[in-house]
Every structure is written in structure tokens, then in C-alpha cells.
Amino acid sequence: MSKLVYLIPLFPLLGFLINGLGRKSLSKSLIGIIGSGTILASFIVSLLVFFDVKANGVSVITLFNFISIKGLIIPFAFQVDQLSVLFLLIITGVGFLIHLYSTAYMHEEEPQHFGRYFAYLNLFVFSMLLLVLGANYVIMFIGWEGVGLCSYLLIGFWFKNNNYNYAAKKAFVMNRIGDLGFLLAVFWLIFKLGTATYSDVFSQVAQLSSFDITAITALLFIGAMGKSAQIPLYTWLPDAMAGPTPVSALIHAATMVTAGIYMIARSNILYTMAPGTQSLVAMVGLATAIFAATIAIKQNDIKKVLAYSTVSQLGYMFLGLGVGAYTGAVFHVITHAFFKALLFLGAGSVIHAMHHEQDIRKMGGLKKYMPITHITFLLACLAIAGIPPFSGFFSKDEILMAALAKNPIYYYLGLGGALMTAFYMFRLYSLTFLGGFRGTNEQEHHLHESPSAMTIPLIVLAILSVIGGWVGIPELFAKDAHSLEHFLAPIFASSTAIADKHHLETSQEWMYLIGSTALIVVVIIYAINSYKKYQPITEESTGLGVILENKWYVDELYDAVIVNPLNAVAGFFKNFVEKYVIDGAVNGVGRLVGYGSRQLRLLQSGQVGNYLLIMVLAIVVFVLVWFNDITIVYYLNRLFN
Amino acid sequence: MNAIIVSALLGVVMMFSGILLKNKSTLKYIAIGGLLLLLIANLFQTYGVYTVVVNSHELLRFQKFGLFFNTIAITATLIYVILSGKDIENAGNYPAEYFALIFFVLCGVSILCGFNSLLMLFLGIEILSIPLYILTGSDKRNLKSNEASLKYFLMGAFTAGIMLMGIALIYGATGSFGISSPSIISTPTGGTSVPRASYLEIAGVLLLFVAMCFKVSAAPFHFWTPDVYDGAPSVFTSFMATIVKVAGFFAFIRLLEGQSAILGPTWKILLSFVIIATLLIGNITAVFQQSVKRMLAYSSIAQAGFMLFALYSASDIAKEGILLYAAAYSLATIGIFAVLIKMKDYTLDGFNGLAKTEPVLALTTTICLLSLSGIPLTAGFFAKYYMLASVVKTGTGLWLVIVAVLFAAVSVYYYFRVIQAMYFKEGVAETTEITAGFKAGLVFVAALIVLIGVLPSVLLNYFYF
Amino acid sequence: MPIQYYIYLCLALFSIGIIGALTRRNVIIVFMCIELMFNAVNLLLVAFSKMHLAAASISDKASTVGSDGQLFVFFIMVVAAAEVSVGLAIIVMLFRNTHSVDINFLNRLKN
Amino acid sequence: MIPLLLILIPLLSGLAVFLLKDSPASKALALASSLATLVLSLMAVFTKGALTYDAAWLPGLGSRFSLLQDGMSKMLSLLTAISFPVVFAATYKNVYPKSSSFYGLMLLTQAGLLGVFLASDALLFYFFWELALIPVYFLCSIWGGEKRIAVTFKFFVYTFIGSLLMLVGLLYVYSQTADHSFAMQSFYHANLPAHAQNGVFALFFIAFAIKMPIFPFHTWQPDAYEQSPTAVTMILSGVMVKMGIFAVIHWLLPMVPQGFQAHSMFVVVLSVIGMIYASLIAIRQDDIKRLIAYSSIAHIGLMCAAIFVQNQIGLEGVMIQMFNHGINVIGLWIVADVIEQQLGTRKFSELGGLAQKAPVLAILFVIMALANVALPLTNAFVGEFLMFNGLFQFNGWIATVAGISIILAAVYTLNMIQKIFFGNTVEKTEHAVEVSGNVQWVLGILVLLVLVMGVYPQPMIDLTKDTVSAIFANR
Amino acid sequence: MSTTEILFFFLSALALFSASMVLISKNPVHSVLWLVVTFFAISGHYILLNAQFLAIVNIIVYAGAIMVLFLFVIMLMNLNQQNEPQKNLWMKLAGVISGGCFLMVLVSLVRQSLDLKSKVAMTTSGDIGLIKNLGRVLFNDYVVPFEITSVLFLSAMVGAIVMGKKD
């Protein structure tokens, strides 16, 4: 069965080609069918593969040799194991739902752009599958860059708007910064081990010095920072909301941004052997989680709030990875995929209904107009806030518990972030769905529930958000209930063998669990109460509020510290160094020749007397040079003796 | 010897044909016939057939090398007359005399190709020079021509004085006028006895060297060149700048060949100074010339700088190279001058747009210019190649070669200005009437240049069989 | 006579000729100075020829060593005569056109 | 026989085209000839082993007319052979005054280029080296832009100085060969002493560095690319700069290994500085052609660095990249030409929104541009990946600094895409139309090549394997 | 001091003095006349060296023919006034200095030439300079250059005619 794994990326690729080439000739419905159908097909194959892996374990399928030179062979190979197959399911499953949703959401587009959209989406899925399936770091990198490209294309999908294009470019460039780190890590691996294939790398890991491992993991983590929007490379993700909302759901919530987590989980053995990097990962993750959460509190754009929430959640995942809770991180990826996709799609549904109004201050009371969207959105909010028994609770709890075991400070800070999460999510929820409508009359007139192609994915995802956490019920509740951990155990086996175990006592765990849940509930109630009766106020925020509204001025900081100096240096090079120093030197030689020419011409005075004079002088000089040993010396001797 | 006699006789024939013939256009054909005769006579001697056997008591000694050289000079003259014969006829009022003088010059060239005594060198150079003074001033109404003639004469005579002093000093030291019998005397210096030539002789050789530098217009004795080349009627400039000049070079090499024993290490320093000065002045000054004719004068100085490499290395490959250089340089320069003479305006702007009005002229001129700048696939490349290769082979003076190639790059600048004017600039280049035969001649020259450039062995093999 | 004396004399004459050529403006005088240089050389050649004869006649009384030097002088005179005829012709031609024999006015050709 | 024909066909047909007086036939003949060359070079590629041809030429000088077509030569002659029909086809609709001269000179250039890639005799190599330059000089000066004369002249003199220095080097090595021969093998075995190696290295390297060009010898290049007719620019940047790289690998490296070794750090650092420098300048460009030119400098810098790190991975990367860079940059130039021809401007500030008017062009260009930033699964990725690998093995820090150019490449390339194609239409692009069919086809073929080579680069690696292993065989 | 020596020094002094006067005289005619005096002094030297043939030729050709030709030209041009504009003083000084340097370096060379120390020029004896002897050598060994000078004369003649003829 695993032999068929190549079909999984092949379907979306075909979809991309058909939709891309036929975008002008195919009808919209056909495009939609092809676009979603290919993903569905992949999903089905993925399911088959999933069961195959469950039954038969890991397998590697080599298609052909991508690069084969003396001392370095990089096969174009797919590795199907527990980890990749999980991601396959998320990508194709959630991907399919979002494709389906898109057929309705994007229906207003012209056919050719509609086709283009689906082509990009399919290409994205293809790249993401490549990323996940690759059996070595190079193939992963292919997918890694591929998703970056698709992200670029999709963020800038409405290319007439230059702001969107800037956002797209920003995303690509920031991703590239990370990619450079990734690449350097791969070079380092190849340099030291002569291979980039996972199995070889992980089995030869003992040959690497601790410095090598630390450096490689740190570089890989830089790659992850870019892709998964961690400090300091996170600023692209909120801007990426310029893309169509389903894109945000798929790429910037459910799949692409989790590539960094996938990569680190994949390389878990390396990280386990590099405790330094691991703490770095944990700290960066934690910092991002809190930092993004603070920003989210003050955002008024529905998608921006979700975007910062995503950044924050990704931070949690990295925290999990950093404290060695690989399973927890992957678990959170899964649940996050469900509820965050749901949130985005719900937001999309709202935006759709509001005719592309995204400011939550101008919404309100949508509960009665859009019941399905409302319910599903609420479920998702509960999930992300971490209310049991919704999925988010389990995954977040697993990470936090692991953090607690590692270092209580991690836990408390993480909990603070979680509280903020609950706060801003319910702020968002109340502003959007509760209270009275604050938009224009015309908007109110048009408010309606979305079509079924949009609501069905919402419902499916809502179900998943609710029950998705049950694959990872902690041991606390039931012995051996954590089926995900058992499923993934082979992947993390070598890491768990090395890692030192911290186990909390059961009673302690219960205490933390109940305490934190209680706090979250309090925060939720506070948030709903504060914003239920929200009326637009004109007064400016003050103090911290301004800073948060302006996202801690990070973009401005980057502009001031990196972008502007770089531009200035480039301008200096272009306008000064190139023109006056380098070209100036070349032209200077030319000018020197010209100057010499004009001066030497004067020697040719036209006067015979001068000519003869120079000749005679030259003769004298020649004689003196030739007889330097006798003439001059002779006269000097005569002079002084 | 054949060539000396035949060319002297032909000079007389030309003089009389001027009296006998009323139609001056036939002169050209007589001259061409005469040159062919001369060529054949010289070839005869090259391969051992003598018309008259004259015992010159070792004053003259003809070797293959010299005779080959003479062949090149005569052939170049032949091409020159074919291309520019009509212009010689129109240069002044005495066409027959001009042709006669050209033959007398060739007589001088032939002497220089075989001299074995400083006396013959002196006579040869004088026979070469005196007709040139006259040819330079042949445009009698033109003040520039007059001035050039007088300048040339005065400086030439002055140099003849220098040269004679050199010869006298050599004679004083060696007691003979032979060119290959340096006197090596032992002078006790600082207790040890090292053989070295007498100071007098060295001084004499030095003065001779200076005089020869003057003849080949090597800096800093080049000053006459731009003025004279510029002032002389173009058609005679062409002759002077090519055949006469390379003959001077040949004499130079032949002269110093025999003196190599007395030329100590200082010699190379001095020579490299001269080479660099020549390259510098020739190339740099040419850059800003507005008149193509004057530019070519400086270019001929620059080319002399390259030819001096043959002296520097003083090897067989250099001798071979100087033959090639002579051929390549003469061909190209004759070609360019032939076109230049047809132009109404000698400035660079006068060439503007020539490619549109006269594509054949433009193309052939371009090939000639490419050859002068030493671009591969033209004869000029191999000429320069041999010069550089000979120096590189000696193992010393690599820096000199590098300097030389840098100047060669400068030379591209002014040669290509002409190409740019012809091809890339707008304008209407005015020419006098161009005949089909003239074009054919030019194409032949260009073809020859390319042929030598692709297969120099065509020419070089000739020297060996 | 010691040969040095002759050499000094001839070099002095020669240098006077050079100085004349360098300092005078009248073309004819310049030309005359060049002739003076020639004559200096002539005298030197004759002196050398007699010097070589002196060296040779120690062993061979009837030696004709050195006659080539004197013949060279003869040829120099011949050449000088030819040059003078051409040179004066040129000077006359120039004078006809410019009515001047000032060498400093010969500067139409420069740079 | 194939190597000889590869040179002869363009040479003879080039001369023949000259004689056709301005007729459209010249265009057709040029295209036909270039296609014939393509077929031949494909035949060469599919022939196993190295191809040779040898004939007497200059017996007195120890120089023979000998050609050798090993893997790298096959690859580069294939590139040359692909480029010319592509260029002819893409510019088929352009009308050149005196077109017969234009096409004749183009074909002569091709002959020169092929000669450079095939010659295995140093003097012959030098001949072709110059032969490739002269027609380009005329092409650029006659059919170029406004400032063409001065710019082309600078280009010409600059490269000419380089080749003259190379000539001195050639002569020196020649004088040191055991058998006084210009044959490649004699040069390889000249065994120069160490100090001489350094000198010879400098002489040759300057020539090649100017040709490539690498920082700081590059200033002729942006101007020349900008002012040349685009057809020539394509050849210049697509094929001609490869002459320098080729020559370094084919001549310099085996000839003076010690000199090479001694200077490797210096050159690598220089190249990397050039990469960053050119990339930064490219960011600030407002002109398509100049941007592509600087981008090309950056890419060439990487190739140069990858040669000088002297390891097999890097060199393999260079091999692949030589071909791929040629394809990519030609593609970019084609688009630049299309835009300039149609809209009369190359300034980004006067462009925008072209994707609405010419979507096909936009798509093809975006793919080309992505290849320019070496996105995986485009052809350039493999080469750059291997080159960076080589660079990393040489020195991690240098590789890291060089890696910054990857980011900068993304910046300027995306800038370019955005400013030309995205956003709203502006005055000049208001009435733009889709490109003509021939350009679409040509670009389509190039894009196909880009993708195929990007997904399955192994054949190209195998093709050049023999050259690489020969170089590292005795180390 | 022998007669020869006295004669030598007298002639030398005369030659040098008259040569200097050629330069110094403002009037070209005077210059010519001083030059003639120089030539006579040189001829005196020839006689002293027993080179009678050259002495005669020198007087006939140089002092007689050539100098008369000069004189004739000067008269023809009516240049006998002292109207020659003077060269710039610096130029003159430069000319004198460089000429002096030339003399100085060569003299120093001769002084350093040890091989000349004992050499003497045979004065008043040695008859190679007689017409009889020279003529024999000229028409035996030097017949080729002798004939070749005819070409020289021919070209000089042609030149003089071409140049001098009024057209």
C-alpha cells in the first residue's frame, strides 16, 4: 500500500496542472470539483497509507536519484512513517475541507482567477505533502520552499493591491531568511556526514560533536522560526492575512506554519542531544506565545486577532518541543489545525456575510443572522481557550504539564499566555456575535448565513475540534488512553531513551489542571462581560494600549534597524561606490590616458630646436646611464679626493 | 646586389620615361613593371641566381634573411604603387621623378638589407633619406609640406652627424668599419681583469644606436615623425611610414646583432627605457589626435615600440618575427593610407559614415586597423605575438611585455575611433572617385592580412624553403 | 701627437656644432653647424686612421692600414655635398614661400 | 568530426549570411543554421566519451588545430547551441536594419563561442576567445542603445586588456612547456615553479575575472547589458560569461594548481563580496536590464567562488549551474526585451499591472524569476545547492555570508515581479497586450527546460562527471 | 715643443676659435667666412697628418664649393643684415649646457679609456693619405660604394631640380 504513496502528492500536482493550464477554458464548478476532488483522492490514499503504516510500520519509497555525485547521493524518496502519515491526514483532510469551503467563498472571482486560485491551492498542498513525505532534508527543503512560494502567491492573490503584494513579498523574504538557516544546517550535515537522509543522519548522529549538533539544530530552528512565525521572524504572518481567508485557514493556521514543528519533531533526536538548543526553542516559543498574545488583545481586525493567536499557539508548540514533549507538540498541531482552521473559516464566513468588512468594532450581534457560523465559532473558541473536554484543552495541557515538569517558570508564563488567549478569543467572540449590530444598515440588510459548501466544512471541523482531543487523553484520566503517544512512540523512541524523565505526582497534576481551568473560565466570563455591550468609542488608547495596538512597534523596529540601513547601504553602493569608486577607477584610467595624451602632445612643440635639444639631452643621459660606473664615480672622486 | 643594380637602373629609367612619355598615367604601369622586375631579380638572388657578380670586398654581404626582407619591402612597394600609383602621379608636377626617387629609396633599402660595413650602412641610409627629404617636400606650394621637408632634412642631417661620430669612435677603437668585429680588450678593474670593450667603442655603438633610433622613430628621438608624416603628401607618408621604416628596423637589427658581445646588461635597461618611452609616447599621444593622418604617425611610433622587442630579445624567433611584423605592419598601413588618400577630409569626422557610402573601403580599413591593433585572425596578431613571444622566451623582461600589452590596449582606443567613425557615426564621408580596381586591390590586401593572420605559416614557410 | 688631443679637439668642434644647431635660429647657420659636426668627424677619422697606421707600421713599414678611414672621410664629403645641394634647395624653396629662414617659424606642424 | 562541424557550420553560414543582401532569407538561414548546430550538439551529447578533432595548423609554433569535446564542453556547446535558436526565435519579429550583417555577426559569435569551448590548443583557444569578442563589439555598437558606442567600447577595451594579459600568460607557459607546444596536455604538465604559478595565475585570472565578470572587474557589464541589443545581451550573459568560468576550470585550474591553491581564499572572498555587493545594488535598481545584470554578477560570483573552493561538490554545482544560469538569464532577457519592445520603457517606476494584460507572459516570467532565485524544483536550485555545499565545506562563515545573497535575491527578484506585473496598470501598461506566439513558445520551452532540469538534474550531472573527476583525479 | 706640436696647437686654437665665431657672429655672412676659416684650419690638420688628398679635397669641396654655395644662397636671400631674431635666452642656455654636457661626458670617457693612453696619431709621416695610395684602395676595395654614391648624387640632383625649379 505504501507503494502508492507517490499518488498522494501526484493528485494535487495534477490538479494544479489542470487548473492552471485550463483556468480559462474550464468552468468554475469543474475547477472546484477538480481542485477539491484531487485533495479528496489524496486524503483517501492517505487514509489507506495510514492504516498500512499502522499495520506494517515505516517504509521508504525511492522514486529516482535527485542528485548523485561522488560522495553525495540525494534520492528523491518518500518516507512514510507515523509522523508523516499523521501530517498527511491533516493536510489532505483539513485541506479538502478548505478546498470545499473555497468553492463557495471564492465564487465571485472571475473564472480564470478562480482557476488560478485552485491551482495555487493545489500546488500548495503538493508542496506541503512533499515537505512531509520527503525522506531527506533536501526533499523536505523542496517542499519547504515550495510552500513558501505558494504562500507568496496566495497572499498576493489579489495582485492589483500593492499592499497585498508587499505582504506577500515580506512573507517570502522572511521565510527565506529562515530557509537560509535551514540550508546551512543541511550543508553542515552533508559536510559532516555526507548524507541528508533521515535514517542515515539519525543513525550516525553519534559521529557529530556536540558543537556540530548544537549548531545544526540551532540553524534548523532558524528555519523553523521563519516558517512557523516565531520571534524574531513572525511579523510576516499577521500581514499574510492579506490573502483570501481560506488560504489563511489552510496555510497560515493549519498546515504550512506547522512545518517547523514537523521538522523539529522529525529531527527530535538531534534536539534531544542538544539541550542548549532545546532551551532556546522553549524560550523562543514561550516568548512568542506571550508576546503574540499581548498583541492579539488589542487587535480589531478579525483576521489579525486570529493571526496573532496562531503565532501564539505556534509558540506553545515550540515550547512543547523545547521541553521535550514532542508528542504534545504534534498533538497540539493536530488540534490546532482543527480549531484554528475552523476559526478562520468561521471568520471567513463572517467576512463573506459582511461584504469584506473585517473590523470587529463594526460587527456585533451576528449570532442571530448566522447561527451555524456562530455555534461552530464558539466551539472553536472554547477549544482554543482550553476548556475541557474540547480538543485544545488536552493538547495545551500536555504541553504545559511537560513545561511544568521541566521548569515551573515555563509553566506559569505559559499559563499567563493561555489566559490571554482565552481573553482575546472571547473578546473577539463577543464583539462579533454578541450585542447589537454596529455596521451600516446596508450591511445589516445583506447579512445571511453562508451557503452549505461553507457551512459543511465548519460543522465537520467543529466536530473534530470537539472530539479531536480524545486521541490524546492524558494518562491522568485513563491508563493507556493516550493513543497518539503510542502511535508516535517509534518516532520519538530514541529521544525518549535519552531524555531525562520528570514526572509530576498525580495529585499535583490534578491541582494544576483544575486551577488553570478555573482561571480560564473566569477570564472568559470577564471577557464576555466586558465586550458584550461594546460601543465604539472614539477616545484613544493610552500607555501600553498604544504599544499593543501598534504591535510593540516591531515592524517599525525592523525597518529602522534592518531594512532602512540595508537600503541605505545598497543606495550607497549603487550611487557612490559603483559609480565613483569602481567605475570611477576604470574611467579614471581612461581619463588619465586622455590627460596624458593632452600633456604629451605639448612635448611635440613643433620647434626643431627643442627636438634636437631633447635628443642631445637623451644622448647625454644614455651615456651617463651606460657608464654610470665610471663617469659619475670618476667625477665624484675627483671632486672629493 | 641584383636589387641594388636593378633598382638604380630603374630609377634612371623612370627619370627618362618622364621625359619621353607625355602621358603620365603610363608611368604607373612602368613602375609596376619595374617593381616586378626588381622582385624577380631579388628572388633570383635569393635562390642563387646572380645577374652580375660584383666583388664588394665584404662591404656587402647578402644573406637569406636580408634578401627575404628585401622581398617583403619590394612587394610592399609593389602593393603600394598598385594602390596609390595614381595618387603619386597627382602628387606634384614631377611624377616621373617621384617614381625615380622611390626606386632610389629602394636601392637604399637593398643596401641596408646587405650591408656589412658601417660605410655601407651610412651610404644606404643617406640614399634612403635624401630622396625622402625631397618626396616630403614635393607638395611645393604647401607650407606644411615645405616645413616638414626642412624639419626632416635638418634633423636627418643632424642625426647623420651623430651617427658619423659613432662610426668614427668605433673605428677609433677597432680600426675597422666592419659590423661584426667588436674589440674586446682586457681592462684591469679593481685588480681583476674582465674583458670588456673599449669605452670608445661603446660610446660609438651608443651613438649609432641613437641614430638608428632616430631612423625608426623610437622615443625620445621620434620627434620628427609626427610632423614629417603629417606634413608630407599622404601618398609619400604611406611609403615612408612603411617600407622605409621597416628597412630602418632591419638595418638596426643587423647592426646590433654583431655588437651583442659588447652590449652588457646595461644595454637591456637602456633599451627597455627606449621601448617604454616609445610605447608611451606613441600610444598615449595618438589617443587625442583628431587627424587620422597624424594619428597614424603616432601609431607608427607605437608600432616601432613593439618592433624594438626584436632588438630586446635578439633571437632567431625575433628575427622571424620582425619579418612578419614588417609584412603585417606595411600591409595594414599601406591599406589605410590608400584609403586615407582618397578621403577629402583627413580628420576623424571625415570618416563618419564611410561604411554607408563605401562599405568595401570601410571593411578593408577595419581589417587593416584590426591588424594594427593586433587582434587575432589578422596578421598584426602574429606580428605582435612573435615580438612578445621572443621576449618571454628570453625569460627576462616579462614586466616589459605586460607594459607593452597594456599599451596595446590603449592603441585599441585610437584605432577603434576610426572604426567607430566609419560604422557607428552619422555622416557622409566624402571621397574622391574610387575605381573598382582600387577596391579590388584593397580587398586583396585585406585578404592577405587575414590569410597571414590565420595561417602565418604561409608567409613563414616561405622563409625556410 | 697623442691621439687624445685629436679626440678632444674633434669632440670640442663637434660640440660647438651641436651647440650651434641648438642655439641659432637661422636655418642656414644651423645647417652650417651641422657641416661643422661633419668636419669634426672627418678630422677624427683621419686622426684615427693615422693612429691605426702608427700601430701597424711598427711591424710593417709598408702597411696601408688606416686608408679606409680616410676613404670614409672622402665618402662623407661626397654625401655632405649631396646633402648640401638638397638642403639648400629645400631652404630656397621654403624661403620662396615664407620669405623667412627663421627656424622658430616652422611650427605649423605640432602637437 | 562533430566538433569541427560545430564550429564550421556557424562560421560558414555566418559568412554566407553576410552576402545575402538584407533579405528575410538571412533570418531564416541563421535560424536554420543554428538549429543544425543544435542537432549536432545534441548528437555530441548523446555520444559516449570525449570527441576530438586534430589537424595541423602552425607547425613552427607548436600549435595545432585540435579540438576536444569532453563533458563540460558538450554541455556548454549544447548551451550555446540552444541559446542561438532561442534568441533568434524570440526576436524573430524584431526588425534590424542591415539584418544580414546582424545575423552574420551573430553566427560568427556563435562560432567563436563554440571554438572557445572546444579548443584544446592554447593558441587556438586564444583565437576563438577574441573571435567571440569582435563580432559582439560590432553588434553592440551598431544595434545598441543610445550610449552604445562609449559603453561597448569600454566593454571591449576592458576585456581586451584581460585577453592581452592572458596572452602574456599563455606565452610564458608556452615557453616553459617541455615540448614547446600549445597543446592542452603540455600546458597541464608544464609544472611551473611556485612563484611562476602565482604570476601566471594572476595574468590568466584577470582575463577570466573580467570576462565573468567578478567584483571589482564588473563595471563594464551592467552598462553593456543595458545598451546592447537584447538579442546580444542574451548571448553575452547567457553564454559569453560562461567563457570565463569555463576557462578557469578548463585551463587555469589544471595548469597552475599551486597558484590556484594559493589564491583560492582571496578569490572566494572577492567573489562573495561581489555577490553581496551586486545583490544589494540590484535591490535599488529601477531598470529591468540593469537589475538582471547585477543579479547575473551575483550568480557568477557564486560560481566563481564554487570553483575556487576546489571540491567536487562545488565544481559539480558549477557545471550544472553554468548551463542553467544560461537558460534562466536568457529567459529573463527575453521578457525584458518583450517589455521594452512593446512598452518602450524598462523602468519599474513606469510599469505595473502587466499581469492583467499579459497573464501568460506573467506566468512564464514568474517561473523564470523563481528559477533566478533558485527555488527548489527549478533548475538553478540543484546547482546552487551543490555550490553552496562546496562553499560550506570550504568555510562555513563564508558560505553563511554568501547565503545572504539568497535572501537578497528573493528581495530584488520579487521586487521586479511586483513592480512589473502586479499592482494596477499605469499609463504605459494601459494598452499592453499579450506577447506574440513565438515568444510564448520560446519561453514555454525554456520554462519546460527549467522545470525538467530542476526535477531531474541527473543527466546533466552525468554529462559533466568526466570533466570533474578528471580534475580531481590526481589530487 | 716641436714644430708639429706648435702647429697642432695653433691650428686647434684657430679651429676652435673660428668655429665659435660661427656661432657668435650675428651676420650670417660672417658666419660663413668664419666657417671657411675653420675648414682651412682643419685642412691644416690634414696636412699635418699627412692626409694631403683630403686636405685638398676639403679646401676645394668644402671651403670652395660648398661654402660658396652657402654664401650664394645667403646673398640670394639677402640675409646679410644682422636681423636674425635671437632665441630665447633660456633656450640658448639650455643649448649650451646640453652641448657642454655632451662634450663633458665624452671627454670623461676618453680620459677613462686606458687603452688610448699610449696611442699616438702619426703626424707628418705615413703616406696612406697620398692620392696615389688612396686612389688605389678606392678603385680596388671601395669601388662598389664609389659607384653607389652615384645613385646618391643622382637622387640629390633630381631632388635639387625638383625642389629648386620654379613651377
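Every chain is named by a letter (A, B, C, D and E) in the order it is written, and numbering of its residues begins at 1.
One rule holds for everything that comes next: a contact is a pair of C-beta atoms (placed from the backbone, for glycine too) under 8 Å apart; a residue touches a chain by one contact, two chains touch by 3 or more.
Predicted, not measured: the structure shown is a model, and the values here were computed from it.
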When every step has to jump to a touching chain, what is the lowest number of steps that links subunit B to subunit D? 1
Would you pick out the chains that touch subunit A and also touch subunit D? B
Which chain is most remote from subunit E in terms of Cα centres? A
Closest chain to the overall C-alpha centroid, by per-chain C-alpha centroid: which is it? D
Most remote chain relative to subunit C, going by C-alpha centroids? A
Starting from the mean Cα coordinates of subunit B and subunit E, work out the distance between those two points in Å. 32
Computed distance of Cα centres, subunit D from subunit C, in Å: 66
Go ahead and note the Å separation of the Cα centroids belonging to subunit A and subunit B. 76
I'd like the Å distance between the centres of subunit B and subunit C, where a centre is the mean of that chain's Cα atoms. 26
Residue list for subunit E, restricted to those that touch at least two other chains: 87, 91, 94-95, 98-99, 102, 106, 109-112, 116, 141-142, 145, 149, 152, 155-156, 159, 163
Provide the list of subunit B residues touching at least two other chains, using ranges where the numbers run on. 119, 123, 126, 130, 133-134, 137, 140, 151, 154, 158, 199, 203, 226-227, 413
Two or more other chains touching the same residue: where does that happen in subunit A? 601, 604, 606, 608-610, 612-613, 616, 619, 623, 627, 630
Those chain pairs that satisfy the touch definition: A-B, A-C, A-D, A-E, B-C, B-D, B-E, C-E
Residue set of subunit A touching subunit C in the complex reads 601-602, 604-609, 612-613, 616
In the complex, go through subunit E and note every residue touching subunit A. 87, 91, 94-95, 98-99, 101-102, 105-106, 108-109, 111-112
Footprint of subunit C on subunit B - complex, ascending: 119, 122-123, 126, 130, 133-134, 137, 140-141, 143-144, 146-151, 153-154, 157-158, 160-161, 164-165, 167-169, 171-172, 175-177, 226-228, 230-231
Subunit A-touching residues of subunit C, taken from the complex the two chains share: 18, 21-23, 25, 30, 103-104, 106-111
Counting only contacts in the complex, subunit B reaches subunit D at residues 370, 375-377, 381, 385, 388-389, 392-393, 395, 398, 401-402, 405-406, 408-409, 412-413, 416, 420, 423-425, 455-457, 460-461
